[in-house]
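Chain naming follows the written order as A, B and C, and within any one chain the residues start at number 1.
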Amino acid sequence: MSAREQILGRLRQRKAAVPASEQPDFSVLTRRQWSAGERLDLFRQQIESVHGEVMRVPREDWLTPLVGWLQQREISTLLAPRQHEVGQTLRAGWTAATGNKGPELRAYDRPIEAWKPELFSEVDAALTSTLGGIAETGSLVLWPDADQPRLMSLVPPIHIAVLDADRIYSNWLELLREQDWAAGMPANALLISGPSKTADIEQTLAYGVHGPAELLVLVRQ
Amino acid sequence: MAKLYPAKPEKVYFFGTCLIDMFYPDAGMAGIRLLEREGIEVIYPQGQTCCGQPAYTSGYHDQSRQVAEAQLDLFPGDWPIVVPSGSCGGMMREHYPQLFAGTARAEQAQAVAERIWELTDFLLHVCQIRLQDLGEPMRVTLHTSCSARREMRVADAGPALLQQLDNVELVEPERATECCGFGGTFAVRHEQVSAAMVSDKVQALSATGAMAFATTDCGCLMNIDGHARKEQQPLSGEHIASFLWRRTHPAAEDSR
Amino acid sequence: MTAEPTFHTRARASLADPQIRANFRNAMDGLMGKRTAAFEGWELEELRTLGAAVRQRALSQLPDLLEQLEANCERNGIRVHWARDGEEACKVITELCQQHQARHVIKGKSMVSEEMELNHHLAGAGIEALESDLGEYIVQLAEETPSHIIMPAIHKNTGEISDLMHAKTGTEPRRDVPYLTSAARQQLRTKFMQADVGISGVNFAVAATGTLCLVENEGNGRLTTTVPPVHIAVTGIEKVVGGLEDVAPLLALLTRSATGQHITTYFNMISGPRPEGHLDGPREVHLVLVDNGRSEIWQDDELLETLRCIRCGACMNHCPVYTRVGGHAYGTTYPGPIGKILMPHLQGLAQTQDLPSASSLCGACGEVCPVKIPIPQLLVRLRREAVDGDKLNPSVVRGHGVKRRRLEALVWRLWAWGHARPALYRFGLALAQRLRFLQPRRLGAWTRHRTAPVLASDSLHARMARRDGGSS
């Protein structure tokens, strides 16, 4: 008999049904609602509390403040999407915004196998879009795809995420209901809440242990 | 869930517990007198022995059931059963129903369980006692037993009662909610761990600057007080009922 | 020849080690405070009730959910494997590695892989398995096992870790956490790039969507499940839940209970391998479902509640015994209160007989458990099983009755006989009190640390009998 048959067989042979639980009541989660203004404040407060940085930027011109931030840090290479609206906007306005003073724009345009060492050591920062934010936990929602692969938000030392202020939900449950995640999940979905960190050495926080040491969120308003 | 407190009854049963019977009868008398002073008639069934907990927590449930069964018939009237211990109270209220599940005594055990009250909770919330402190100013600290806190959920009662005493300064020890390390047979089966726990507890209680502590349970009392004595620490304890009675009764010391 | 170390001997050693005592006390104090702060503003009781209900519901549908999980994972392109025990799971994983000629495996944190000693098995097949969670990495360098399920290296302080890394990896001997952390990052990045297979655990497996959820802070879990061409996820069969919505309360409870975080840095939901046209992610994803005793626990209504566990570690953080002896004293994969109620099933009571009694039943574990596992009640149940103490409810756990001793059983029978006969009890007590001058001053273990309680001259019974005029 296969392991599968034996395990399921044992489970199916139970003498009586498992005592049913009380009907789960999710209101303890769903009643935690905030207004749009409160959501933005809470989001910011939460993500800052875990060493993330929030920059509010105008929707029409978010490149200027971004470039200022990058140039101040002397970032030399930035990985950005090609197809997504944020990538297109950024690429269209890049020369004007940077005055050709960098950083250099890169694209994740090959399978990882073709440029692993480069991605791991030569890219300073990566910019991605987000599907939304979560106020309660200060989280960003990402569904990586061909244009914005999984490692963009993970391997470079700095991750910059673009978030639209009107897409900040109160909590994850609300978001996954409204965006109907149950209808179909992507191969990979992520909640990102701050830069990579560890407290494994004597409970002392240290950032950037495996992923980015810095997370900048551009909140477009 | 908020607990529903009944109106003060005319009578109560008093289940004194075996530790009090053997080692701390003064605490039992104090509890009875506090209830009587509130105008309640206290019935002390002479047939009582032990709630059965020592065997229960040691895994000997047949023997626990045998002893517990002998207690079930002691409370024929529909009066509350007051227990001056969170531990024995917890056994009777929380574990009797399961211990007797599926037996002929199941219903009776359930009914008894529902009438169990821990003494301090009963004094505070049912009797709505108002204490008049007659003692000299002093500082005291409190150890609420884990069973009073987590099984009976009456951790608010001890501090509230002590705070009614005008001349008593109640100081909370560090890590007040941590166990003193008694745990019945745990104290001997896991001697070293238990000793480390009670040593820390004595240190925490002493660090409050109080020389005296009160506690809701005689198990904790025996453990903490015994360790303090063994280590010749200037800390001594008593059951909270004894303390309350002593502070609020003129010449309580010789009122046997 | 020395005897096999027991909980007692290991606990005694920990208690005598001031460094271990201080490391755990400080860490646990911190974690308790953070947990409390993280639940501020929450209706915690309601949330725990919801967490328990969601887990209990999943367990009540376990076989159906496992089949559903399997079907949806397969539909998503995740290959599902089943293993009756740790041995079989190791075999499945080793074979998968061999199929890909894997020499280097990188691992994310997984307690079930510790449970089945996977690294050991892989090493036997010539496959190097490297732990990438910083705490696990440190523990692996030290050739130890985790002492806490969330913070594996909590028993070590910075100095000890600095010395260890210096000796094993050649870092500078600096007691500087950011330096040590970045050194580990450099060391492990190379390994991530080389790894042929990534192995991870699973925090929640969602049946309705075929999704594997992983909770982590470091990013090593994401690297493990993204960079190598093959990802193998391994999990106990009890980790399955119905739908994504069920994960919401469990996630809210897990991270706050564990480390007092509102959420971890990464919540990684994997529902398939790299899709056509995508540029990263593993080409293959495998899920290994491990039973290893769980289907046995599941047969009993009371014991089954053990399986609600979401591995947050709050029970250990709040346990006065764990705080004092540390994780290694237990000698088991899962230490602390959850270990005491889980390990007897995985190893049998004969191997774990000192664990259920190693508790004062203070209830702190049950009070903080995010899914309301009645841990103290389950400890009592296992104590009962260990002595076959209940004729009405026969024992079922492997190795039951192992602690039953004739003399002890006789003592309890005598105790019951005396306490079930009130007249005899009163007579005996009165006699003892009359003869109390004979009371021994020394009562073994009790009086090594405390004075003996003194029998009163007069019982409460006698006083009340006199007062009530002999009526009862």
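Here is the rule we go by: a contact is a pair of C-beta atoms (placed from the backbone, for glycine too) under 8 Å apart; a residue touches a chain by one contact, two chains touch by 3 or more.
Note that the structure is predicted; figures quoted are calculated from it, not measured.
Listed by label, the chains touching chain A and chain B alike are C. Summarising the inter-chain contacts, the pair of chains with the most C-beta pairs in contact is A-C. A centroid comparison over C-alpha atoms places B as the chain most distant from chain A.
Separating the centre of chain A from that of chain B, both taken as means of CA atoms, is a distance of 54 Å. Note on chain placement: the centre of chain B and the centre of chain C lie 32 Å apart, centres being C-alpha means.
For chain C, the set of residues that touch two or more other chains is empty.
Remark: chain C residues 23, 26-27, 30, 42-43, 46-47, 49-50, 52-57, 59-60, 62-63, 66-67, 76, 81-84, 88, 132-135, 138, 151-154, 156-158, 161, 177-178, 180-182, 184-185, 188-189, 192-193, 208-211, 217-220, 222-223, 226-227, 229, 237, 243-246, 248-249, 251-252, 259, 261-275, 277-281, 289, 291, 295-296, 298-299, 301, 304 touch chain A in the complex. Residues 8, 11-12, 15, 320-321, 324-325, 357-364, 366-367, 380, 383-387, 389-393, 403, 409, 412-413, 415-416, 419-422, 425-426, 429, 432-433, 444-456, 458-461, 463-465, 468, 472 of chain C are the ones touching chain B in the complex.
Every residue of chain B that touches chain C in the complex is listed here, in rising order: 16, 18, 20-26, 28-29, 32, 44-50, 52, 54-67, 69-70, 102-103, 146-147, 149-151, 177-179, 181-199, 222-223, 226-227, 229-230, 256.
Those residues of chain A whose C-beta lies close enough to touch chain C in the complex are 2-4, 6-8, 10-12, 14-15, 17-29, 46, 50, 108-113, 116-117, 120, 136-139, 144-146, 149-151, 154-155, 171-173, 176-177, 181-182, 184-204, 206-212.
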